[in-house]
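Naming follows writing order (A, B, C, D and E), and every chain is counted from residue 1.
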Amino acid sequence: MARFLKKNDMTAGKPPGSLIFVGQQKVTEPRLRIIDYDEETLRDEIIRDVDVLAPCLTSRTTSWLNVDGLHEPEVMGRVGAAFSIPELILEDIVNTGHRPKMDEYPNLIFITLKMLSINEDRDRIISEQLSCVLTGRCLITFQEQPGDVFEPVRDRIRHQSGRLRRRGPDYLLYALLDRVFENYLKVIEIMGERIEAFDEEVLDDPSPELLEEINTYRREMAFIRRAVRPAREIALKLARTENELVAEEITPYLRDLTDMAEQTAEAVETYREMLNDHLNSYNMAVSNRLNDVMKFLTIFATIFIPLSFLAGLYGMNFDFMPELKFRYGYFVLLGGMGAVAVGMLLYFKKRKWI
Amino acid sequence: MARFLKKNDMTAGKPPGSLIFVGQQKVTEPRLRIIDYDEETLRDEIIRDVDVLAPCLTSRTTSWLNVDGLHEPEVMGRVGAAFSIPELILEDIVNTGHRPKMDEYPNLIFITLKMLSINEDRDRIISEQLSCVLTGRCLITFQEQPGDVFEPVRDRIRHQSGRLRRRGPDYLLYALLDRVFENYLKVIEIMGERIEAFDEEVLDDPSPELLEEINTYRREMAFIRRAVRPAREIALKLARTENELVAEEITPYLRDLTDMAEQTAEAVETYREMLNDHLNSYNMAVSNRLNDVMKFLTIFATIFIPLSFLAGLYGMNFDFMPELKFRYGYFVLLGGMGAVAVGMLLYFKKRKWI
Amino acid sequence: MARFLKKNDMTAGKPPGSLIFVGQQKVTEPRLRIIDYDEETLRDEIIRDVDVLAPCLTSRTTSWLNVDGLHEPEVMGRVGAAFSIPELILEDIVNTGHRPKMDEYPNLIFITLKMLSINEDRDRIISEQLSCVLTGRCLITFQEQPGDVFEPVRDRIRHQSGRLRRRGPDYLLYALLDRVFENYLKVIEIMGERIEAFDEEVLDDPSPELLEEINTYRREMAFIRRAVRPAREIALKLARTENELVAEEITPYLRDLTDMAEQTAEAVETYREMLNDHLNSYNMAVSNRLNDVMKFLTIFATIFIPLSFLAGLYGMNFDFMPELKFRYGYFVLLGGMGAVAVGMLLYFKKRKWI
Amino acid sequence: MARFLKKNDMTAGKPPGSLIFVGQQKVTEPRLRIIDYDEETLRDEIIRDVDVLAPCLTSRTTSWLNVDGLHEPEVMGRVGAAFSIPELILEDIVNTGHRPKMDEYPNLIFITLKMLSINEDRDRIISEQLSCVLTGRCLITFQEQPGDVFEPVRDRIRHQSGRLRRRGPDYLLYALLDRVFENYLKVIEIMGERIEAFDEEVLDDPSPELLEEINTYRREMAFIRRAVRPAREIALKLARTENELVAEEITPYLRDLTDMAEQTAEAVETYREMLNDHLNSYNMAVSNRLNDVMKFLTIFATIFIPLSFLAGLYGMNFDFMPELKFRYGYFVLLGGMGAVAVGMLLYFKKRKWI
Amino acid sequence: MARFLKKNDMTAGKPPGSLIFVGQQKVTEPRLRIIDYDEETLRDEIIRDVDVLAPCLTSRTTSWLNVDGLHEPEVMGRVGAAFSIPELILEDIVNTGHRPKMDEYPNLIFITLKMLSINEDRDRIISEQLSCVLTGRCLITFQEQPGDVFEPVRDRIRHQSGRLRRRGPDYLLYALLDRVFENYLKVIEIMGERIEAFDEEVLDDPSPELLEEINTYRREMAFIRRAVRPAREIALKLARTENELVAEEITPYLRDLTDMAEQTAEAVETYREMLNDHLNSYNMAVSNRLNDVMKFLTIFATIFIPLSFLAGLYGMNFDFMPELKFRYGYFVLLGGMGAVAVGMLLYFKKRKWI
């Protein structure tokens, strides 16, 4: 299956707004978790049905509904209905191959982007789609499977009587995006450490395994870039939005987010260039190594050429070859051969070939 | 014939507005099909003459006239006259080598773009020109030959009492463009699966056939890109149009179309870069393979050089060569040769040449 | 002489407005031809003196004065005076190395661009400068030498009671520019057909002649590009002008011209990229071919190495070499040599080297 | 540790505004130094506590507080509180891996950028973060460790009754930034001299050490670029600011700063391109050198091939080989061999191979 | 010394406005020349002191003060004071490593750019800084050393009762800049003629000297580019200025200047690309030549391999080798060897290897 472009055969030709899940089902059953809080109260529970959310919608508390698992059209439809999410947006949420983007409506902000993690072998990026819908006092987030990347945010909600509890869902959205970008940076940093280490290895030991590793990293960097670049655009757009859903006091935080996005994108580019440099260095190192071998062997062979010729010469069967009769002809020849060899070595040395 | 730039010798020097068909005639006779519908009624028939269209033009129903085959100037002229399509536009419609573009007039929107498909061997893109004219309650589409790419849209018109039947020709235009872009994505995906698979093959078996395949894909990607990039511009322009022919309620759908166009263009770029990477990897793999062979053979030859020299040495016919008289001289020499060979192998091993 | 930058030593240090012809004189004597027309009347004659033009300047007919040959300062000066063309513009007209550009004055539009043609061997672009001055009811065009590229336009003026006769000099300017761009496309197409054909040749028969041809085409494409890119800017600028000399009804035609310019520029880029691809393919093909030869020869040589060693071995003159005494030693050795050769061939086959 | 992207594990998941130092602690204890001056008075002392700063904040004198060492959250917090620096900015100050940037608030301008220096071996750039906060009549600067780069500015404050003493903290900020950019230019110039010298070396003696040096310079140039490019943006932004903290009289100086920033960025690009050229020249020089060796050796070997063949031929043991019986056969053969060798040499000479 | 970035150690840390000359002193003593003219009067003299300029400043005549030699701070200071030139500008004038730029003040326009010339060997560009200050009725120009590039302008002032005498200092500024750009074009043209000639040479005789020449030209083109690109920006800025110092009537001339600047920049780019193409062609030609040699030699060697083997075979000393006894064995073998050689030649011919 094409990894860089997800199959969407099933949705082809369907009217827009059809909730057909695109991707691999990653959990058996969608899980809904509601965290409802203000400065004084806090409610955190797994729910079965969205009907219990009715009070959240009208109260002045901040509600965060997290949905893990997107493959049940019925559940998605009910969530969509409860929060009046337009059908086109629901369709984007379940299409996990969607390009990161941000859409603004008068009373709703929709953001979809990729959360990245790295597998245990540190050679493959795993991408999961996160969609956020900010509407009224509610923030609804959709993930493909449960994860603990937002656990620090939940901790801050639970334990702290801090800023997060005093602010609304826009600040919560910022806190979540902050985690997502922190994660980008962490993934890039893990790869970056390895990439910077290539520098030495390439010159010392340019093995085919190293080449494959460099190429793997290049491909994964291209993969990260496809997630990070539109995410940066989203951060910029969010920092400049004039939508009333985002309070003006949040702007400095969003600008901070923009800095982070900028840094992320820049780091990706830096490491991309570095990988290209490594690739060039690798090629040069391999070819230098080969050239050294070939030069050595050729010089070695060259020295024997006149010696073998001389041996062949005195192996001829002419009746009259006076040298063959000389008493010490053989030893003189051996000496002569040694002289030729040494002379050639000196000549090569002088020309700096060895 | 130049495939990337269609011949237009016949139109050269003619006044603008001359309806001269540029391309290969693909059907024997143009076929006109009218689908006329609103929420309650539906009429779908093949027509002979555009005269029967008069009622469509004035009624409040949505009319979709599809013309397959562009090579009959007379038919084109009559269609143009019936819907008051300017001559310059008709000329663009019959010139199948035209660059995709969108033109806006106060009471008419004209879009021409390419529909792409892939041949059975999956190694050549087939391009067909689609032109759409949106005017009043009518949408007129022109294709070079009949195709079934719009069949799902016709199905949705026929069987569903859905959104398509309730909306006007602008929504129909959106639905058709949606199909065109879905098709782009499908074509790219088919190629993309193959392209992503090259990754392994290039390293495992860099055959000349693979090289030719990579080059074919690069050329076809360049071909796709020439269709997709202006198509994206069209989608963006359509989403931002303030023309009254496009109702404001359609905007979210057109934005969705823009996302799709963006994704298409991005996928083309991603695969282009990937193909370039494959080309580089291929070259590297071929040259590595050759280097391995050459290194092996050179080392093999190098080991025999001193052995052959020794054999030559004792093949000489000097009268006085004491070694030749020794009882076991021959066997000592054989042992010495073995020692030289093993010593050289060990040396090469130590220098990591083998 | 530098072809990509014409010598202008003679004008250096002169005050601006000096009418010094830069280029090669291509006709013996300037030729002036006036075509004066409206819907009813038509006058077409070669004139000697610009004085006879006085009535044209004041009448309501459209006048087209074409000047072939720019090297007579006196003639140029009289034409300039008759139509009040500023000195700076006259200077640009006679400087045939000028970059294509468009200048607007309140009552005058000046355009200078290159007309391209291809020589008979189809390997060299010939460039001629065309300058157009649109002022009042007159269009004055300046060419370096007489040509028949505008003949179709004259035909349309002569034979048709068509659109051209009904419109003013702005439409005539459009018609001429249309011819110029058609010519660009034709030149590019002639080259394009050849360029697309390289594709096969490069892989089948990468001869040095082909390489030279590719390089010639690349240089000529660079030459075309230098003419076409500013010409596209001119088309865009003309389509957006608000100068009253260009009637608003002409705008759709000028937009059409813009499309054509866009297509021209795009085709140049496409073929440039294609030529670069061909160059890379050529290099790869040449190096693959060489590698094949070298691999074959090296393997051939390698097989003989141990055989020659064995022959040398039994050519030694040791007194005691038991094998030499064996009755069938020679034939056993021959068999052994055959076995070694076959074994090596099988080994190479197994490693996929042959 | 990734050098191009600093670890920020400790801050991950923390609420924004947490003052966690990111970097290596470079001094044992933060050092605070206050310089407070106007045209007549001057006070310059190391302080222990920020409480003593109260009079500075309200007086009309210009106060410059320099903080060396950022790792003590408590000190940073107190400084922040004394000057009402927002928490987000304090966080940026202690995060030494931050991207250079400028933030504007109604009553505060915050700039963070990198100061560069070069180590003694001239092969590694050392980067230190400098943060400046301009608020009211005060300028607060934060460095990771004490340095003498600002000593000339302090000198100008101390000794001169010049412009610096007459102006406010905005001019002081300009003077400091001027020093930072001068430092950039100096670092680039030191590297540039070496880089320009590579030109000759690459052609004369393309040693592996030189290659490594070129690569080191390329990596360090990339490092400098990451500091210089955002610094240029800061200079441009500062020159265009309409913030009242920056007096209009300062604008010409800031424009001067912009010129310098432009020149810096341009110099980096120039040397980057030059290094790439050197890399290419190096590769070419190495490969030319190898080719020369190989050509020489191959020609040498080729001359001996027919000679050795002839020697082998007359080493054969056929009973009837008439040449062997000729009286001077051996000498005739030697002469023939000489003739062959000379003939081949002449042939190679004629073909310009040697 | 870094040629692409001039040392400015002496100014580092100095307050802005310090008049420290950066560069090599090129004349012993600054020379001041005043040309003061209007339509009727003309005064042209070398002066010692700027005090004599007082009448020029107030009169309605146009004054052109040219200063050759910038290394005397005192002279510079007096000139600056006489014309009220701000200190920052004076500093830019004496810093001959400054990037070309244009600064506008309400009553003063400052332009600094590079004048280029080419040394006698035509392999090195010499750059000299020209600074122009336009203020009131005066134009002050500063050069590093006397030159005759402006002689034609002086001629036009002296001999002609032409346009230059009728216009003000803005037209004079235009005339000087026109000369500077003409000079750029001339330098580029001299180099261009040589560069275009490389085309043939590269294919015919790719000698190392040619490579070095190509590289020299590339470096010098990069040098030119650094002067020409900002100069183009200056021309554009000057043509668009709304400063009252530049009369509106001058605009067409400035637009002409812009065309020239555009052409200059384009020519630089064209030749840069051409040089890169030559470099690639050179590499290809060298490698083709080497490949030809190697192929020839390898084929030559290959043909002798089986022949030498046969000779070795019949040089063996087996007691029983029946062929050796045959009467014509030797001649049969010679014939066989000839057949093998011819057969191999034919085979290689068939495979198109020779």
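Basically, a residue touches a chain if its C-beta (ideal position, glycine included) is under 8 Å from a C-beta of that chain, and two chains touch if they have at least 3 such contacts.
Being a predicted model, the structure only gives us computed values, none of them experimental.
**Student:** Compare the two sides of the chain D and chain E interface and say whether they are made mostly of the same residue numbers, over half shared, or of different ones.
**Tutor:** Answer different: the two copies use largely distinct residue numbers here.
**Student:** Please compute the C-alpha centroid of chain B, do the same for chain D, then give the distance between them in whole Å.
**Tutor:** 43
**Student:** Counting in whole Å, what is the centre-to-centre distance of chain A and chain B, each centre being its mean C-alpha position?
**Tutor:** Computed value for the inter-centroid distance: 27 Å.
**Student:** Out of chain D, which residues touch more than one other chain, so two or more?
**Tutor:** Residues 294, 298, 301, 308, 312, 315-317, 321 of chain D touch two or more partner chains.
**Student:** So that we know how the chains sit together, what is the shape of their touch graph: line, ring, star, complete or other?
**Tutor:** Contact pattern: a closed ring, each chain touching exactly two others.
**Student:** Could you spell out the chains in ring order, with the walk beginning at chain B and its first step landing on chain C?
**Tutor:** With chain B as the starting chain and chain C following, the sequence is B, C, E, D, A.
**Student:** For the complex, give me every residue of chain D touching chain E.
**Tutor:** Chain D reaches chain E through residues 152-153, 155-156, 160, 162-164, 175, 178-179, 182, 185-186, 188-189, 192-193, 196, 199, 203, 252-253, 255-256, 259, 262-263, 266-267, 270-271, 273-274, 277, 281, 284, 288, 291, 294-295, 298-299, 301-302, 305-306, 308-309, 312-313, 315-321, 353.
**Student:** In their complex, what parts of chain E are in touch with chain D?
**Tutor:** 1-5, 7-9, 12-17, 86, 88, 92, 98-99, 101, 103, 208, 211-212, 215, 218-219, 222, 226, 283, 286, 290, 293-294, 297-298, 300-301, 304, 307-308, 311-312, 314-317, 321, 323-325, 327-330, 333
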